Each structure stands twice: as C-alpha cells, then as structure tokens.
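So that we are looking at the same thing, I have put the structure below in structure tokens.
Chains here go by letter, A, B and C, matching the order in which they are written, and residues are numbered from 1 within each.
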C-alpha cells in the first residue's frame, strides 16, 4: 500500500545560489515552490553558514559576503523550504516527476509538476598515489570547515592541484594568519602569459584575472612558496599522510606534511540528472560530462537544470541561471511580463559573456588528460571498492569494453559513493585504451538511491496505510 | 581471412559459456555483442546456482538444472585455473522461503509432483521442508513471521559478474574474438554459411548461434528460428557490506561474498523498461526487513531492474533451424545455473550438430505445436 | 587537527557531544564530521572495508569517506548530520560495519 503522494507544483532540488534565485524569482511571481535541500540551512556550498557567518569577513573575502542579499531574499520569501531533505530517487512520468525524499528518517513520495534541478557541483575525483590516505582532503572540504565553524588546520598544509579555489583557500588561510606551507599548481607559469594573449577573452575575463593576480600577489608577498607546473603528485605515509612528493621541472621533491589539501576543479554533481536518464555530453573545455540543455536551460519537459549542476559557471552564473529557469518556467505558464522578458534577454547576454570569459579559466587550469595514465598501476581509481588503475587495465584486456562492463568485472563504481569519485576516470581510461571519445565510451548507469538510505527508512512509509 | 567456424550473436553469459565450450573444443568463434548500455540479463541477475523450483511442469529441465549444478564446482575450478578469477562459488545448500502457509503447501506439492514425474529427480533431488524453528540454524536471525521454507543441498551461489568476466577472459585466451558495440542488424544465409551485418561491418562464419536474449525477437525468424521470447522484469536491491551472517542463500535474499545483501525475486511485465519503481523498492525493503529484521539499519547502495528472458513456457530453448541448417537459437532465463552445462554438453552437441537429437525436449517444436 | 579561530564572526552556541565516550563542547554549526576533525583530527577517523585507514575527503555528501556511528547507528554520513546536544558519536575503528 503506497503512502499517498504529496504534490508540489514546482519542486526545486538544492538551495545554493541557483536554487535560491529560482525560488525567489518564482515567489515574486506569486508561486510557492518547494525547495528540497540536504543541508540544515540554505546557501549551498558556496554560501554555507552565511546566515550566521563563523569566520570573519576579513578572512572570507567579499565573494562570500556577496551572497547575503540573495540569502535574505530567500529567507524572507514565502517558499516551502525543506532543509535536511535528501532527494534519493526521481522518475519522470506523464504528469511530471515523482521524487523519493528522505526527511527525518522517513521516505516521502512527492509528485512535482515542474522540476528545477539545482544540485550544484562537486570536486572532481582525480586519482593520484596515496589520495585515499587520511590527511588528504579536498580544498573545498577544508573551506567548508572554515565556513562551518571557522576551523583552520592546526599545522600549515600543502595545497595542490589546479583551479581558483586553491588560491582562494590559501589566501583565506593567510588572512587567518595560518599561511599554507607550500602551494603546488599543476598549471605551468607560461599558461598565465598565454591566456593574456587571448585579448578579447582576457578583457571579458579581466575580473577573474585581476582577482587571481591579487590573491597570488598577496601569497607571494607573504613568502608562501608556490611551485607552478608540477607534473606529478603523491601522498605517502603509513596510516596517514606524512610526506607529499611532487615532480617539478622534471625532478621529484619531498615535502614533509601531515595535511595535503587538493583541488582539481569541479564538475556537475551528476547523480539525479543521470538517474533521470537525461542525455549528457562531454564538455571538452570543462573536461567533464554536462547534461544537455536547450537555450532555455530545459533538460526535458517541465524539467530545468540551473547552476553548476548543468555545467560549471560559478556562483554568480548559478544565480543568473536560477533566475533564467524561473523566467523560462513562467514563460511556459504564459505568466511573464514584457519587463521580465527583457530581463531574461539581458540575463542570457550576461551569461554568454561570462561563460566566454570563463573559457580563460578553463584554459588556465586545464588538467592533463593523460594524468591517469601517468599514475603508478597501484593508484586507486575507485576508493570505495579499492580498485586500482592496474586492475582496470587487466579487466580491459579481458574484454571489459565499456564503463558498465568494467564495473561488473571489477566492482569499480559499485560502492556507496555510486561512482561519483571514479566515473569520469573510468570513461577517460576507456577512451584512451580503446580509442574513442568520452561521448562514445559513455558513463555508468546511475540508478537510485542517489543518496544514502537504509532499508528501514525505505520501508518506513509515511502515514496513511490502507 | 579464414572463415570462422561460428558466429555467436550475444556476449552475455549464455553466449560466452557456449563460446568458451566451443573454443575449448578447438572451434574458431567470433562473438558479436551489443553496446555497453544494452539490455543485459547477465549483468542484472541474482547469481544463484539453483535447482529448486526449476522444471516444475517440465522434468527434463529440472534434471538438466540438477546435472548442471552438480558440474558447477569443476566448471568454476577450471575457469579460475585458466583465468585467476575467483567466481565466489559455494554450494552449501539453499532455502526457498515460504512467506505464508499456502506457499508452503503448494511448494511441497510441486516438488512431490516433479519427483513423481521423473525417476532421476526422485532418486537425486534432495529437499526438505523446514519450519521456522528448524530454519533458524541455517538462517540465523530469521524474522518471526516467516513460516518456513524448502531446503536443498544442491543449491548454491556465485558472483555472476565474475562468471561473465572469467568466461570472457578464458574465451579470449582460447582465441575467441569478442566484438563489443557490434549490434547485429541483419542475419542471412550465404553460399558457405552465414553473414551478420553490423554498423561495424559484416562478419561471416560457417554456422551461427543466436544467444541474443531478447534480441532474438528481431533476429530469429529470418533464419526459421523461434522469436517468441518476452521480458519479465525483476528488481533488485543491494545493501552496503555487512558482517558475514552465516546465512544460506535464498532466492528472496542472499548475502554475497563481499558482504552486501542482494534482495530480489520480483516478477513484473514492464515491457522493455528496466527501471526501478519506488513502490517495488519499498516492498522489497519491507520483505528484507521481515526476513532479517537486523537489516533495518543496513544502507541501500544500489538497485536495478533487469529483464529476464522468458520463452513462452518458461523453459530453455535449444533449437536448430530446419530451414537454415547450421543456425541455432539458445534462450533461457537460468544462464548462471546452466552455465556449466552450456559450456560442456550443449557446446559439444552444437559442435557435432546433434542438438535436436541430444536435447529434443528443448527444441522449438514444442512451442509451435502449442501455438497452433 | 583543525582549530577554531578565536576571532569567529558570530557568537555561536555550543552543544555537548560524546565522542568515543568522552564529553566535548563544540559549535552547534558543525556537522559530526567537522566536530571529529576538530576534536581528534583525521588520524583514526575510520577503517575501510579493505582494512586501510580513511578520513573525510569532500565534506559535502559525495565521497562516503566520513561514515561514522551516530547514536548507535553505524555508517551515517558524518558530513551531513549536524551535531546536537547529547549526541553520541563513535568512530568506526575497524570492527564491523565498515562501509
């Protein structure tokens, strides 16, 4: 006997900048969207804890504070906000999208006439030897600790990888008077010169470039050593990280350290969109799969994706896309005013310019596609099931010809993270070994549960049993 | 290039077991398989090597299942020796649970009838009905509301995915050519054999074996073979790894070698939809917790739907074309249990072209008779 | 380990939690995983099913490396559960229930 379904005219999954902006725009137009969010408070990862900031503005910088206006608007609007709710199952049918939601230990079934996915991004799983050791954390995770409780490492960490977040976190630690021991940047120094030669993009992206230059300048002035253009990275230690090894200018170096914070860019969090069977395409610039969206950011009938979950554009773009999908939804309902249509056009133009400028960042922080190939064979690709690159290679020679066949042969991607950490590595490896594009190789089948749920929670249906 | 002896259409566990058997017997084999995201019963099944319940209404199928189960230990050992891949096979007996009194009654009646109809089963098929009290020694922690179940020492389990991998590895080591992402669009007879047309080009061989599961629906009739198979969806849940529970496998739920519990045994007609439904997932979770209450705290890590391949009467089809000699059609939904037989007796019968003579009960004729 | 900056921006209530049987006070804004990283660091956080030591990687519900026992329930995602007054937290050092 099924529990009765609850109805949502408009459901939004995620209360980061995209989800909040969509909800606020819809609320302004007289709708009352239902917003499901995993976290206890709105803001997503980028504006986490912004309603009661822990670290000071001086440490966090102005980009964090910038979310305040949106957050306040969200908190004040008439929105059915459901924090602590995990959407672990979704299925399209003729009448919209059915959602399985886990809240306070119970499974609720929701029926949403229209759905906006605003699940955001996750840090890219990027294997290197020793990355499973305690003491290796994502830089984003360390920044979450800073936002959540003004927590900073008690020892100076090594920061390694590629992307703006690496320098932002280093700068924030510097502002907190806890500068990192060393920064290892995969991007070679000459790239910075190369991107400046793309004059048009460099002009469009001048804000990004200036911000980066300011952060790097501050770190250099403070005497934080920065090695640009490292070509390999390893973490070593017995039960936790003791040393970081890296290759720079052709030579290996060892840095004693108990904490290695890495960042290799972000990718869309794919599970819900994948489990809905939405088509994904490989984005060469962003080096990841992104769901296919049309010009209105729709990914299906009555289904939109806004923000980094649809392709990486950053927090401002996510907010813009949240407004855009809300306007697109209103347009569908024939509820837009002329002014809103003009606003939509302006938002689209701004988005175009911003994404064009972001190509600079993609170029600057591009990761070597051959990285996995250069790792030692014992490097874990799947952390959950402890499957190494070498084991995957063996299974490929035995006939593992696709991601799902390889998963079946090795358990790679079968663990509780459901392939989030290894999925694109497997696609890359297969593309390289068998010769083919990531699009031709494809990706794991993703099925529910896309979030953790116990059998008891699944069996415990809400009320009204017949 | 020399023409191959056999083309096998379908790289699932049926096609690969026969490919392995034929290659071991010195035949040149090319396997044409579909793409990575095709409908795949071989990657969705529960991994039971199971005799109970098979062949009710067709004793020869029950006999074949029992024979194959008995051959499984040697079969698994040989594959492991050839490939180094452990199949996680064990035969410690199994229990088919009866969830209510009526099921307990009809189950026992079925088995008695089967043993009446087959002298071989009467002599060799060992089973016993155990009530809840008696079951708790082999199913520790069994829930209070389960009345009992039938136990049989012949039943066991394996990791079906590692079976498939081992069949691939062993076959390829024996010279079998496997062609992934090469879906067969057309099959036809040529002067010297058969030709398969695929987006990857044409492939020819003297003989052709359809082991295409539901794909037979498109390919069989052109060669005078039976196309009547239908999908029956099963949904499966898998939990995170749990401490070893020392519990015998059941078709309803079993703990795998890696520690996860696999929960299934649903049957639905859902067309070609291999999705999972919230209602069925919830009912599976309820059933699992009813059988083993301690699983209430176990996290679900995966679920899937897979399509069983059912012939009209549910029994295996081993068919030789009368209009196109040299073309065969293999279809069944118990490709794991029967794998030992498929690699051995079935592959030999095909090699010697005596499929109808050796296994007349499983030919397509029975279906055509009943259809007319 | 991680330390709380003494220049925190907003006055924040603290709650008492029990970690491996010992009482501690932590900011109520933390999740369980964050509290453990502050109180004990990443060493000894969890033992994985393959026997290797593991600790949180992502802190945002993706990696499943932060599994921990909360109020007697094993394998909860520590990075998604906010701390609460009186909560009992046990690190999964390696017996059963490894993820």
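Everything that follows uses one rule, which is that a contact is a pair of C-beta atoms (placed from the backbone, for glycine too) under 8 Å apart; a residue touches a chain by one contact, two chains touch by 3 or more.
Everything numeric here is computed off the predicted structure, so don't read it as measured data.
Put simply, the chain nearest the middle, going by average C-alpha positions, is A. The interface with the greater count of contacting C-beta pairs, when A-B is set against A-C, is A-C.
Centre-to-centre spacing of chain B and chain C amounts to 45 Å, using the average Cα coordinate of each chain. Centroids of chain A and chain B (each the mean of its C-alpha atoms) stand 40 Å apart. Centroids built from CA atoms put chain C at 22 Å from chain A.
Shared contact sites, meaning residues of chain C that touch two or more other chains, fall at 49, 99.
Within chain B, contacts with two or more other chains are made by residues 240, 297, 299.
Residue positions of chain A touching 2 or more other chains, listed in rising order: 415-416, 452. Note for the complex: chain B touches chain A at residues 33, 35-37, 40, 43, 83, 161-162, 164-165, 168-169, 172, 178, 180-181, 237, 239-240, 258, 275-279, 281-282, 285-286, 288-289, 295-304. Interface residues of chain B facing chain C in the complex, by the touch rule stated above, are 240-243, 259, 297, 299. Residues 2, 89, 91, 98, 100, 107, 109, 395, 398-405, 408-409, 411, 414-416, 418, 441-442, 445, 447-449, 452-456, 458-459, 461 of chain A are the ones touching chain B in the complex. Considering their complex, residues 38-40, 45, 49, 52-57, 59, 86, 122-123, 125, 132-138, 140-141, 144-145, 148-154, 176, 239-240, 259, 269, 383-384, 386, 415-417, 420-421, 451-452 of chain A touch chain C.
Residues 1-5, 7-10, 12, 26-27, 29-31, 34, 37-38, 41-45, 48-50, 52-65, 67, 77, 79-80, 82, 99 of chain C are the ones that touch chain A when the two sit in their complex.
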